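These are the structures in question, set out in turn.
Each of the next two complexes has chain A plus one other chain: chain B in the first, chain C in the second.
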Partner chain A sequence: MSVTLELNPRTKLAALVWAASFVLLLPPLASWGFAGLVLAVVWGISPQLGPRLLRRVLEVTLPFSAAVLLVQTIFLRHPDAEPLYGPLNFSRIGFERGLSLSGRVTSVVVLSLATLLSTPPASLLRALDAAGWPPALAYLIASPLLILESFKARVQAIRHAQQTRGWRLGGSPLKRLRGVFLLISPLITTALIEADQRSHVLAQRGFRAFPRRTTLLPVPDAAWQHWVRLALVSLSFVQLGVVSWIWLQSKI
Partner chain B sequence: MTEAVAVREQFNTRVLTLIAVAIVINIVGGQINDALHLPVFLDSFGTILVGLLAGPIAGGAAGLLTNLIWGLITNPVAAAFAPVALVIGVATGLLARFGLFRQIWQVVISGVIIAAVLTVVAVPIQVYLFGGVTGAGSDFAVAYFSQLGQTLFSSVALTVFGSNVADKVITAVIVWLIVKRLPERLTHGFSHLKYTRG
Partner chain C sequence: MDLVAVEDLTLRWGAVEVLRGVRLTLAPGERVAIIGSNGSGKSSLGQVIAGWHGQGAHRSGTVTIGGDDPAVLSPSVRPGTVQYVGQVPMHQLSGRAFSVKEEIAFGPENLLLPRAEMTERVADLTDRLGLSALADRDPFTLSGGEQQRLSIAAALALRPQVLVLDEPAGNLDVAARGLLARAIEALPRDTAVLLLDVEPDLALRLGCRMLSLSGGVLQPFEPSQPLLPAISGPGDATGDKAILAVQGLSFAYPGSTPLFDGFDARFFPGEAVALTGRNGAGKSTLFRLINGILVPKSGRVILAGNDTRGRRIDQIAVEVGTVFQEPENQLFAPTVRQEVAFGVEQLGLSAQQRNLRVDAVLERVGLVEVAQRHPLDLDAASRRFVAVASALVRAPSLLLLDEAQRGLDRANKARLATLIRQEQGRGAAVIFICHDPDFTALYATRTLSLS
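What follows is the complex of A and B.
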């Protein structure tokens, strides 16, 4: 098992919080470099995870980065805008801003997807439970991750069922709006039935929202990871403070 | 009853499981929108549902957690807008509490109020954290208003309100219609529903 998979899920979440604030301190190109570095490190320590991670990162960040760069560089009005064609302008300030923003978002996407792909939701749930987090919070974070795929499949099933009754995709906006009701109404009703059943099962097992319990199968954790988590979260606050201070200085 | 006890009682097992499925409904709402190609978001069905059934605190929690989990799965931009989703849930619960989810015309007004309130929270995040654009289709509306001579702040405010008002009215009306028709066996234990059903 690789180091990425062995880390306690809480340590990975703390690293994510730290990175989200750290990238705010980086200049545009450095944030892209940071994203590449994180990707390379994850790929190096877990060759199975690397290609999957790269594919997901590209799927998420390419459209986002293209749109942000285009709008910031060509469409938004910046002080240094030079006429390009018709209402279009070229702005170096806009280009740098777009580059910075997309680099920051890409960095966070890389880390969040690495965390998600290397952490089974059940393991996250047990780690939070073992750490004494309120069971309600642990349940609310991990449970949606566990049931998301089944709900996506359910939407498809509802769609197919409505199509067999004569409903068709497309048409006028009003027809499509009616389609929203046809799809969402059965989804909400079946979700409420499932929530009811789940609450009965949880109640039968003695689940309570707040009291602390021990876990039967604890996720491995080490004392050093506790200190790493503390340091990462503390650093993220310091970084956010520095960013706020720099921003306030620029406004004075 | 202290505030803490009141909050704990709002988060009973039934409400917890409702919030969990509501988070997933919010996320797959985007999938439905992709299929129908409507110029709206449809990502607040679950939040408004929880706000109506279980009140403002549970509604806010559903919204907040939706965006945080969404941010973790695919889109960190969504995580930055988590306070906006929280406000949608809280506003829905409060509007229902004040009786503004009893008649269809009240629901339409509530949708407009929710859009106005979320605009107040969303605009500073979009302007100061993202420089006005977030990679969504509505960025071109921001650029359009900017070309017309509006400031970045007002361009973003006009775009956010304009793109959300139809979405929130449609979402609020659809959820209200569904909630009104729900059988008693699915809604027992959700004390906040009495403010909507009367």
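What follows is the complex of A and C.
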């Protein structure tokens, strides 16, 4: 765990870009193996992080993978499709395509979640600030992580207000749907009000007054990590070039 | 020469005239207080001076700081020129900092100050505003009072020439008010302070030049404001069977020291109990343990003779009505009427019964005229009363008010006190969290202090 945590977040981002482009070069089944390998490595480094990562990966990729496999294998009409039942077919080509697509997506999800779970958003922002990234760009990258917490807090506040006025969570699908509607409108309204307030607060405290900002608590960044990042990003470009070339060859 | 000059300022939102021909000057280092009731236009004036307004409002007249319009100051100059700290502490946070010290450093970081300078400012301000022990906490997890001190520290970190404080003591306990007053007194001699408040206490302590704002017009301050009225009602419990009994309650947030360790308390019909204690003492947490949002580590909460363990929040809500802090974050219906009606819709009453209840509560709380307006279009005091009405409409036997009197002017405090007395009169118990000693002394039948 210490190795992954000690890496500068920008190095982790560069590694993520490299690995995501590497996945595109892998044969279909190998992408599943790669995803498993990443999971195993993370689990080995951090026994605390491993189970959390596995759970999140399963939550995100299982429904997606199942849907892709079903659609490709049974619903889409591929050249080798054999009738199964009514409008349904079975296609081995479709099955392999589904496996390939879901494997690649799973690999990228595993890599992204591993990066996300091992990188505190505060460190990411500080690393980007220290590197002189434009404040707005750094904010854009980190904002999903920042917004998530305040969004969760607002959802909870509205839910608690509704529950303490007698609203029961759950119930029939119709009641659940009404519950969703009861949340959406105030969330949007309060988000708009808060956004207006926050833009004033940011402006009066000098956000974007200069093209870059500094940081009170810089994240350690060794010289060797700079070279590693450079190598990873360069390699990513090469890999993406190879992928594009292969794709073009298949079209000619 | 005047540092701040406001000349014939008129501000209008649609058909509503918020400020009318306001003229105001502040010299460098001068302390000026503007006292006004809720909705009198104080916040609008403060925001215009800070350069916030412009879009959506019709404005005439001029506002200058050091000869320049603050709204068009360069982004790198404005932070050191004027800082405005608003009433709702959570809305003053940058949303980009993950700890108290980072929040304070946010402005200096933007201005590319040297790290040693930032470290010194952060250490100085955390110390002066009593935030040292909270330096590594996430700002969004702080109590309202702690957030308020943090937002003031964050503004002071930019060392502005003009500091505009909008009801800065509203969320603060007595000790924190003292810290705030001392922090203002310790500001550089050339820093001008504009204090906007509903009560003159802090301004008098700071020796401010006093003005008052009424109906958008700035006037000399009239010191003989009416005092809070005494309102007749039960002076003690009207029943001997406890509505609420808390027995051996223990609770701690993960990773924090215990807030409650074997806490016992009982509350009876007809009582109005003031719950006091410093910021972060666990007052709001106790409410959340009572209404079922939080679950005690050990101990029991007995409501109307029944243990609340295993009961859902909505089941507990049959007996308990809650008005949270900052209700604007908890209003969700498109009109005041629908907001108030929501609670009674869950009681399984007929449409006619529901309408009767809603009409009666809107009348009682004084919201009939705004019943068809969006709750968030109302001023802060009216929004508070919408939240109060939404709890009252269910006729709870126990009413929990989390600093419902905070930021209210005297007329609105009296309006709230009348509602508390009415609840006592019908046999309900009311527990209210309060940092206002006058309100507590006048309207509480007893005080329970958490430490």
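Note that in this section the second predicted complex is superposed on the first by the 214 of 252 C-alpha atoms of A that agree within 3 Å, B and C clash if a C-alpha of one lies under 4 Å from a C-alpha of the other, contacts with A are read in each partner's own complex, and residues count from 1 in each chain.
By our rule, a contact is a pair of C-beta atoms (placed from the backbone, for glycine too) under 8 Å apart; a residue touches a chain by one contact, two chains touch by 3 or more.
Here the structure is a predicted model, which is why all the values come from computation and not from measurement.
By the touch criterion defined above, A:Y139 lies against chain B and chain C together after alignment on the C-alpha atoms of chain A.
When the shared chain is aligned, no partner comes close enough to touch A:R92: not chain B, not chain C.
Of the two partner chains, chain B and chain C are each touched by A:F207.
By the touch criterion defined above, A:V71 lies against chain B but remains apart from chain C after alignment on the C-alpha atoms of chain A.
After overlaying the two complexes on the shared chain, residue contacts for A:V180 are found with chain B alone; chain C is out of touch. In the superposition on chain A, contact of A:K152 is made with chain B only, not with chain C.
In the superposition on chain A, A:V60 makes contact with chain B only, while chain C stays out of contact range. Judged by the touch definition given at the top, the superposed model places A:R165 against chain C, while chain B stays out of reach. According to the touch criterion, the shared surface of chain A, contacted by chain B in one complex and chain C in the other, consists of residues 139, 169, 183, 185, 189, 193-194, 198, 202-203, 207-210. Within the complex, the chain A residues that touch chain C are 120-122, 125, 129, 135, 139, 142, 146, 149-150, 153-154, 157-158, 160-169, 182-183, 185-186, 189-190, 193-194, 197-198, 200-210, 212-218. By the touch criterion stated above, chain B contacts chain A in their complex at residues 8, 11-14, 16-25, 27-29, 31-32, 35-38, 42, 45, 49, 61, 65, 68-69, 71-77, 128, 130-136, 139-140, 142-143, 146-147, 152, 170, 174-175, 177-178, 182, 185-187. Touching chain B in their complex are the following residues of chain A: 16, 20, 60, 63-65, 67-68, 71-72, 75-77, 87, 97-98, 101, 105, 108-109, 112-113, 115-116, 136, 139-141, 143-145, 147-148, 151-152, 155, 159, 169-170, 173, 176-177, 179-181, 183-185, 187-189, 191-196, 198-199, 202-203, 207-210, 247. Across the complex, chain C meets chain A through its residues 47, 50-52, 74-76, 78-79, 82-84, 86, 88, 91-96, 98-99, 101-102, 105-113, 115, 118-119, 122, 140, 154-155, 158, 291, 293, 312-314, 317-318, 320-322, 324, 327-334, 342-343, 346-347, 376, 390-391, 394.
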